[in-house]
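What follows is chain A paired twice: with chain B in the first complex and chain C in the second.
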Partner chain A sequence: MLAIQLAITGLQTGALYALTAVGFSLIFGSTRIFHFAHGATFVIAAYLFYWVYGTGWGLVPGVLAATLGAVFFGLVLDRLVYVPIQRHEGSFFTVFVASFGVGIAVQNVIGMIFGRGFTSVSTPLSRSAEIIPGVYVSPLAWIAMLCTALLLGGLHFFLRRTHTGAALRALADDPELVRTFGLNPRRIAATAFVVGSALVVPAAIITSATTGLNPTIGHHVMLISLAATIVGGIGSIPGTMLAGLLLGLAESLALLVVDSQWTEAVTFAILFAFIVIRPSGLLGRVVAH
Partner chain B sequence: MEAYIYNLVNLIAIYAILAVTLNFIMGYAGIYSLAHAVFFGLGAYVAAWVALHVHPSIFVTLAAAMASAAALSLLLALPALRVRGEYFVAASLGLQVLAVTVFSEWKSFTGGIGGVLAIPPADVFGVEVFKPQHFAIVSLIALIVVIGLINALVHSSFGRNLRAIRDSESAAASFGKNVPMIKTLSVVISAALAAVAGALYASYMSFINVESFTLDTSVLVMAMVIIGGTGTVAGPIVGAALLMLLPSAISWIDFLPQTEVGALQQIIYGLGMTLLMIFRPGGIVGRRAGV
Partner chain C sequence: MSKAFTIMGAFAACVCYAMPAAAADHTIGALFPLSGPNAVYGDVFMAGSDLAVEHINADHMLSGPMSIAYEDSQGLPQPAVVGMTKLVNVTGVPYTLSAFTGVSKAISTLAMRNSVIAVNGGGVGPDLADLGEYFWNVIPLANLEVRAAVPYLVESLGLKKIALIYVDDPLGQALKDELETEMPKAGGELVDSFSVPTSAQQFSGVAAQVRATGADAVYVASYGNQQLQIVKQLRDNGVDAQIATYSGYAVPDALALPESEGMIITGQSVDFSSEDPVTKRFVDEFKAKYDRDPTAYNVNYYNATLLYGILAAALEADGTAITGEALLAKRRATKSFDLVGGTVSFQDNGTLLFPIEVKQIKGGRAEAVTSVSFN
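The block that comes next holds the complex of A and B.
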């Protein structure tokens, strides 16, 4: 029974990891910007929801505020930080440090406003129901899996069937070629930030209602996003999705053998094994170097 | 007041050792590690254990701390040999997260969250050094030795090889350089010297716990290097002094509650890093064009 319980919890966690990581992977894959502040996007969305919903303004305004906040943050960062840096040089390290700095600042500003302790949102959907004897699942688990399936299905359609989606994929291959087709690479990159940041929102909201939040959760989110992107293979959205699910499942099933404080160690062990043995990831085509 | 200033001198010296050793792999080998606090912590715990259970002489504790950090650093060298840039950042971030779990769970060695108490003061040739003004001599000598060592390395053929690898790994390899060996050695040296800072910290504070060796510390040290100037000699020292003075400067603001000093410090250096990258990627000391 415990194994089934943990597998379902693992799928729920994995679905949310997949969403967050795909957001990062989409941005990184198409623009090559190492958007370390993706964790901060998650924190902003989660706390905006916590604040709006917690004040009693209801679910829809909460979701709306979280989405607007996340998208706005992604766009502003692209415009005010990444664009100026890439104008004079675009080395991985410069972009990473700039992004990282913003992440630290956001984490502490949120900590000052909302406090540094754990908080969570309680919703009518948080309560678990017994689906088979000994296995408890809250409606949020189903919502998490459904959200992930719908959004990632939608993303697949967007990338494969629309002009903007095709342009995004083209940007990943060759920004110069995109320019010769009369498209503006900066505009397309901005689209990547909008879509990638918005994908974080359901994960942030559901996490705030299940396992809870604290301002440093951004680091955990980033470790997971990086791990899933690398394990899945850089540039491969299906790979990232698969890896996100895998990491969530592994983290949860590991509880059969180890205590809960070691779950991050499981993530790290998987990541480490992939980096050393198979740096190109599950479905990646580029080699690491 | 005097004790306060000497205390700052000691902390700046200890953190400057960390920044100088991190700069060695970041600036010259192109290895961006978010796990430097792991070696700082390991050095501190090993030194504390040795001082409590074997011998309090600073030469014994330093040697033990350096040897164990060098051994553990092979765990970091392994991914560094396979990948670079973004992949390595992820691997080191993972190692840092894992180390914090180990530091807080391995109670028999690290004392868990409670930490290690009553660590004997540094014993230099039989003299116990426990006053901040006396310890400042020890920590400054250690800093000067570390800077001297790193400088000698950077200007030797080893340093030239490192820079060649940073700029183009395949070119260095095609000139017959043993790339994996050179990279591994640089990681080992950096980690072993970071453990010196840990050993000094343990005997100076006489109390250590996991709080001092978290990701926040790794980030702080990285910020020191970057704000000062990556790949420069003076940069990391300037960065360490600036960021260690920052909390005292902030506490002059009287309307700010004491509990918020740490947060405000992090906000300042976080935004400082971002602004520097936009306007002056070489850091305060570095040239404007960047590294």
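The block that comes next holds the complex of A and C.
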């Protein structure tokens, strides 16, 4: 029973990891910008939902505010930070440091506004019920898994069946070729930020009710996103999704064999194993240099 | 030329005016978590120490104004050592406030080597009693809290099987050791223990493991935001067993958490309704300044700061320079101190002894259910 319980818990965790990691992977894969502030996007969305929902506006305004906040933050960061840096010298490292700095600044601003302590959204949906003897699942776990399936299915459709999706994929392959077709790479990159930032919103909202929030939670989100992107194969959206699920499951099922203090190490052992054995990741393409 | 001379003269006059010849500024240090997941404690600690500074300055206890140089420890040993090095070598403080078990242990060697007094009012690891003569505790340590909690849980509530979730650091390890010792004595059993890293935030898997043990109660030995996340996720994931913890949980965020309802916590006993002038002044002015009731942490850092005021004032009266050695000698020579909570004395190991209260959280407040005295 414990194994089943841990598998279900792992699937819930993995579904949320997949959503956040796919957002990061989409941005990184399309634009080659190491968007470290993706964790900050998560924090902004979560706290906006917490604030709007907590002040009694209800679920829909809360979700809208979180989505608008996340998308606005992603777009503003792209326009005001990444684009100017890339225009001047475009160093990967400079962009990373700028993104890292923004992440720290957001963490502190959120701490100043909402306090640095623990907060959570109180909802009966986070309370588990016994579905079979010894196995408890909360309604939010089902919602998390359903949201992930729907959103990632929708993303797959968007990338495969729409012109904008095709442009995003083309941008990841060859930005110069995109330009020769008369498309604006900057505008396509902005689309990547909109979609990638919006994808963290469900995970941020569900986390605000299950794990709870504090301003530093973005670091963990970023760490997992990075690990899932590498394990899944850089640039591979299905690979990142699978890796997110795999990491969530591994983190949870590891409790069957090791103490809970080693579960984070399991995540990074998997990451290390992939780097050594299969550097291209689960579904990534091998690139010859 | 004359204009420049006038400006320089005015500047020099301002500097001289701002530095009275006889008064000595008193600066003590403090290593509190001011950022990161434990920052919530920093605010609580500072509320007590800042109020004490206000009172010391208002009463002109010392020859000059007193202030506190705060350094951010983040509740972690490494940044704390950096902060302590700065306080000792740059700021040159003779006395510093410390918090958290890991932090206190890390800085204690610097305190000892440089003869700087370090006073802990927040860390409760039992080994904090053995960190040398320059390390003092104005808080009862967790071994006493466990010794008060276990008999209440096992004998009074009949909860004989206890599972433990503990943070993998010196505090968590010390509480685990103490529970392993105390549970059999009370006729109970520590059925299993689960360590979690200090950075962990996801505990649904641990909750499943706790449920599988069939424990009657769960003892949570963590701190900061993490302990709240553990409690919330235990309840959310179907753990209905009684939850118990130590004084680290007595922060406003934790008490207000709906999942905290019914929890058993322990902590030092402070009679806030006491009519003794020090306690009454502290309680009245704390409520006026912060618009909330004080907690034991507020008391401890008020006491730790006031203790410096008392010792330094006595040294100034003797005409003795205020150094770590002199403060230690004066504390040893002083039989008792009038602090918040009453007249107290230090044990030989530099730790104040307080009775321990066992409390239950009801409606966002911790209500005392019993009190245990130790001699």
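Rule of thumb we're sticking to: the second predicted complex is superposed on the first by the 283 of 289 C-alpha atoms of A that agree within 3 Å, B and C clash if a C-alpha of one lies under 4 Å from a C-alpha of the other, contacts with A are read in each partner's own complex, and residues count from 1 in each chain.
Here is the rule we go by: a residue touches a chain if its C-beta (ideal position, glycine included) is under 8 Å from a C-beta of that chain, and two chains touch if they have at least 3 such contacts.
Predicted model, so just to flag it, every value in this text is computed and none were measured.
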_Simultaneous placement of chain C and chain B on chain A, clash or fit_ = clash
*asked:* By the touch definition at the top of the document, which applies to A:S280: first (chain B), second (chain C), both, or neither?
replied: neither
*asked:* So in the superposed three-chain picture, is A:G103 touching just chain B, just chain C, both, or none of them (first/second/both/neither)?
replied: first
*Which holds for A:G111: it touches chain B only (first), chain C only (second), both, or neither?*
both
*asked:* Applying the document's definition of touch, where does A:L226 land relative to chain B and chain C: first, second, both, or neither?
replied: first
*asked:* Quick check for you: in the superposed arrangement, does A:T13 touch first (chain B), second (chain C), both or neither?
replied: second
*Name the contact category of A:T164: first (chain B only), second (chain C only), both, or neither.*
neither
*asked:* Which partner chains sit in contact with A:F268 here, chain B, chain C, both or neither? Use first/second/both/neither.
replied: first
*Overlap of the chain B and chain C footprints on chain A, residue-wise?*
108, 111, 261, 264
*Name, in rising order, each residue of chain A that touches chain B in their complex.*
28, 34, 81, 84-85, 88-89, 91-105, 107-109, 111-112, 219, 222-223, 226-227, 230, 261-262, 264-265, 267-268, 271-272, 275-276, 279, 288-289
*Footprint of chain A on chain C - complex, ascending*: 35-37, 39-40, 43, 168, 194-197, 199-206, 208-209, 211-212, 225, 228-229, 232-233, 235-238, 251, 253-254, 257-258
*Write out the stretch or stretches of chain B touching chain A in their complex.*
32, 78-79, 82-87, 89-91, 93-95, 97-98, 101, 104-105, 169, 215, 219, 223, 226, 260, 263-264, 266-267, 269-275, 277-278, 281, 290
*Could you please specify the touching residues of chain A with respect to chain C in the complex?*
1-2, 5-6, 9-10, 12-13, 108, 111, 115-120, 122, 126-130, 134, 136, 138, 210-212, 214, 216-217, 220, 251-252, 255, 259-261, 263-264
